[in-house]
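Heads up, the next two complexes both have subunit A, just with different partners, subunit B and then subunit C.
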Partner chain A sequence: MIAVQPALESLTILIAEDSAADRMLLSSIVRRQGHQVLTAANGAEAVEVFRLQCPQLVLMDAMMPVMDGFEAARQIKELAGETLVPIIFLTSLSESEALARCLEVGGDDFLAKPYNQVILSAKIKAMDRLRRLQATVLQQRDQIARHHEYLLNEQRVAKAVFDKVAHSGCLNASNIRYLQSPYALFNGDLLLAAFTPAGDMHVLLGDFTGHGLPAAVGAMPLAEVFYGMTAKGYGLAETLREMNAKLKRILPVDMFCCATLLCLSFQRRSVEVWNGGMPDGYLHSLATGKRTPLTARHLPLGVLSPQTFDDRTEVFPMALGDRVLLLSDGVIDTCDDGEQLFGVQRLQALFAANRQPDALFEEIEQALRDFGGVARDDVSMVEVSLLEPAQLNPPALVYSDSGQSCPLDWSVAFEFRAATLKRFNPLPYLLQLLLEVHGLRAQSGALYSVLAELYSNALEHGVLGLDSGLKRDASGFTRYYQERNARLDQLQDGYVRVHLQVTPQGEGGCLAICVEDSGKGFDVERVLERPLDPVRLSGRGVSLIRQLGRNASWSDDGRSARVEFYWKALA
Partner chain B sequence: MTDTHLDPDVLRALQEVMEDEYPTLVDTFLADCEQRLQLLKQAGDATQVLETAHSFKGSSSNMGAIRLADLCHELELQAKGQNLPGIEVLVAQIDREFAFVRPLYEEERRRSLCASVTARR
Partner chain C sequence: MSVVTEISADGQKLTISVKGRFDFAKHREFRDSYELPDGAMPNAVVVDLKEATYLDSSALGMLLLLRDHAGGDNSDIRVVNSSCDVKKILAISNFDKLFDIS
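Here is the complex of A and B:
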């Protein structure tokens, strides 16, 4: 705090003057004006007195024996450092050159002989004001520095907390490359990635409105929903609805989060996309060289009410090595010296010039550096590639219970009807139920994948009557998912039944999954005749189920599917 | 007559500032002057003359010795010009001027002492 100082503060003033009479006279004048006086008869003495007693102001004769006033002034200024100790030169010097020298060595003013009391008093007051101004400036500078340090420390702590929340992420997976400032969190940029129980990968690139702590505060709940729901096996739609509802509830009206959410399925070789308010992402097909823009089709998260929120996603097929590039608006809005934007066209020129897909990421980074001159801290980019599932190592799930209460002999049946099929994804619940059986936990990925295939086959081909043949090529793939959404919206009746049966077998056990639907069924013989081919876009579900599960069979003209899982005694 | 040698306004102001210490100030000044005159007379080179003349000028002007200050300024200029005959002439003039003002200052000192004694009664 800055104390209000009295109008005239008593100062300690050093008088350095070799002439005894002048020194005596000046001391009396200064003392009469209410100040404490220290005296020195030459420059060397003056420096010594200053060192020992730190006077606040110095009256200094220029010409003195032993050490002259110029040298003494230089040394005193050096000793004083940042503190302003005004030095008024006492002089009958008349040449401008000598006067200039007084200022060059750090003098602040002159006082000519013979001394004039009024002028001396005025000069001391003026110098005192200057001295206090400097002290205030230093004090405030230090205060600002302390506050800045404090703020940085707060950000460090907040970042550490956030990193704990986000610890389960898989941004270091071998198929992900990303560029993000360590303090992006405080620019509102957010990048999250996690594996689903089935081994799919969810990726979110978000950009909160606002900066600093408010932006970071919104990131915490968003990350928790993302990681929590992804780990439990929820799909993009449910996760998006939850994230939107949560942000809508907690954020002020002018704050929201632009976001692109991806689900990369390594098994199905497809990517599901939802883009709310982010710049176009790009799906790059290596085979054709084509880049499909992943355009924003929705309002950002946290804007719409849960009732009006649109969770519809788009699905695109991918081949091995194909990649998705997402970027924040910091990339496109990077400015050069002339306030010109980097822009989408320059980005697309980079795409066109790119020869080595693996080098594109660095090429964009380099181009941004060349263009903007300085590195911005709100530039975030992420590139995700589609690899063979075996090339990725999803982390093993961690379970906290001991296993003593594990259920081993039970069955359960569900029937999900039209109104439920429209909105509700039962898979996470089914999976959680099954993972209570410890013996199944080691196979949770396969289990989830098979459950997901059986359920989507029953829903899409059975209840909705979609022809998987549509998915033969890329454009049909897109049409297929558009049609799926449209038919689901209009669904009036139909059902999917799931029957689970767990039976103990010695030390191990067996799970039988049976899924039935209300659809027309399909020609089981013909589908099963096809060789097990994991690469074709259509009919992959059946291959997958036969590969991952045991004794897969279809009955009732394909309306009923059954598959088994076995486990042995736990080690 | 004394006005061209001593400035009475300056003397009055000095007395006001110094109060009881006025006589001591006068004594100190006269002692300073004698010391400087000796230095001027024995000076080996123009630089030494220049420095001495400069501070002599400063304290003379502070003490209201107008003519003494003027002569010292003149001496400073001669010393700067390395004009040795000019220096000699001026040192002699300064010597004479000091001899003239010295009794005036001593009188001033006596008067001030009496006044302060009277004032205390």
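Here is the complex of A and C:
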């Protein structure tokens, strides 16, 4: 056993005593005990010595001329501030009121005259222990404060870095409203939105397990995959597979990310949804007032291996003004004083009571404030509305190359066969290839939309033989996409061929896109007779292709589609 | 003890009972309940949530750790006696795809 008592440290002790004899006697006792001694003959002197030499302990006579010990004690305590400078009163007073006063003015103990050396030594030791304890507490408090300051600063920096990554998004688009506390990131909440090259909008609301830095760390790679793949034109399924694989690889086993992903298509007027582990979102149809729950059908991201991950999505039709509301579990789990949860029922009561769809967002916010009393920082909500494509302004893509090596005279042909059609989306590759041609960049949105329509026509109606007539109403719409997934799963043979040809024309050029499929074809005459109408649910996207491209034509009984794009000299 | 462990007489089944709030505060206890000193792992694991009042996402993470320790996709883990609220949380996260929940 090692003695815990530290070797007695030599203290500097101030002795304030008006009697010279007593002062000398006390000084010699204290010196013999190994301490440095400072002396003062009255209270005023004691305060002055204290100010100049900062003794660690004071032995103070109560009754002194000029300034008595009580006043001196008060002033010394004030000067000492947070540091504990123990004051032991030396007193021949014996009535309890006077002794009590010694402690009331800030004294820590008293010692009756005449002095008993043993007791004096014990009291000095005891007071020294208290003094050290106080010093340790102050030191630790300051350390905690420093660490806290440090942590806040780290969070500020981390958030600034993250905001740069997230900045490429379009959360400020006119059809998005959201509520998120500035430091929600450190509660694991993540909200991202970006336009695809075709002008669709991808939105992600995610919630990592845990709190603090660990929860925020996974957000960075997730955001990069989201923005990178969305900008390149990948669909939800590919983006989800990549996000899941990445998180599975980098996160520890007990960490994962609940997430809902949306793809809002303004041209097709539909929303594609994948929900893994988030609370129900809601698709609100203004015409019927109906709210369709967007329920979690999947495990969160980062749990399953890439082989077992399920990227199946659901597709719902939307009309202009319809909106999707997503929320984090912080909304439903907001507690009142009595640990009662806000709960789904209160949320649905708000839905029922809502008269102005535009006010719902504020009504939920207000209800959470009224209920919980305090604002939580893990409450995230986002509402996305379907607008006319023209009401949105997707940002122009930014290119960093000089254009000196732009290819202007070439053609290329692909044949995508069954096993490829099942899992691979060739559109991002095709688009990237085409955008090497600088003259086409200004039309990248239209180009992507047309490519996407041609490809999905060839795949869905051609290879898979699906009837677009199914999509006439909302339930048929959902059935259509279920059937699409089922048939794709079982696909054995069939192909989609894509032929691209770029030819220079003076200072500009021309792109011809030709897409063929192995399906049964369709009655071209009948479909082309329909008036141009870009907003019907069904109709093979044919009108869209004719509006966005030039000289669209179909041959081989509809199995082969051709469309052209032109560009002029670049400014 | 708010996490109680019991191993069947033949050593084949490990039962872990969690009482009260099942959240991050139980992290150490829950981990100790299945990381047995001899490194053994019984074939079957039962997590009894009869007396668990609440379950948060870090508890879900702990269940994943247990599953990983018990052999991942080859593990046999049953989560039993979940209350209505607890079941709801497990259902939102679709954990029924990984665990046998009743």
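Quick note on the criterion: the second predicted complex is superposed on the first by the 564 of 571 C-alpha atoms of A that agree within 3 Å, B and C clash if a C-alpha of one lies under 4 Å from a C-alpha of the other, contacts with A are read in each partner's own complex, and residues count from 1 in each chain.
Basically, a residue touches a chain if its C-beta (ideal position, glycine included) is under 8 Å from a C-beta of that chain, and two chains touch if they have at least 3 such contacts.
Nothing here was measured: the structure is a model prediction, and the numbers come from that model.
S.K.: According to the stated criteria, A:G519 is in contact with first (subunit B), second (subunit C), both, or neither; which is it?
M.R.: A:G519: touches no partner chain.
S.K.: Applying the touch criterion given at the start, work out whether A:P114 contacts subunit B, subunit C, both or neither, answering first, second, both or neither.
M.R.: In the superposed model, A:P114 contacts subunit B only, not subunit C.
S.K.: For A:M63, select first, second, both or neither according to whether it touches subunit B, subunit C, the two together, or no partner.
M.R.: It touches subunit B, and subunit C stays clear.
S.K.: Give one of first, second, both or neither to describe whether A:A296 is in contact with subunit B, with subunit C, with both, or with none.
M.R.: second
S.K.: Classify the contacts of A:G276 with the two partner chains as first (subunit B alone), second (subunit C alone), both, or neither.
M.R.: Touch partner of A:G276: subunit C, not subunit B.
S.K.: Is A:P86 touching the first partner subunit B, the second partner subunit C, both, or neither of them?
M.R.: Touch status of A:P86: no partner.
S.K.: Determine, under the contact definition given at the top, whether A:M24 touches first (subunit B), second (subunit C), both, or neither.
M.R.: Once the two structures are laid over each other on A, A:M24 reaches subunit B alone.
S.K.: Taking the touch rule as given, give the residues of subunit B at its contact with subunit A in the complex, in rising order.
M.R.: 10, 13-14, 17-18, 21, 24-25, 28-29, 31-32, 51, 54-55, 57-59, 61-64
S.K.: Would you pull the subunit A residues touching subunit B in the complex into a rising list?
M.R.: Touching subunit B from subunit A are residues 18-22, 24-25, 28-29, 32, 61, 63, 90-92, 113-115, 117.
S.K.: If we count contacts the way the header does, which residues on subunit C are in touch with subunit A in the complex?
M.R.: Residues in contact with subunit A: 24, 57-58, 60-62, 64-65, 68, 73, 92-95, 97-98.
S.K.: What does subunit A use to touch subunit C in their complex?
M.R.: 207, 209-210, 253-256, 258, 276-279, 296-300, 303, 305, 308, 329
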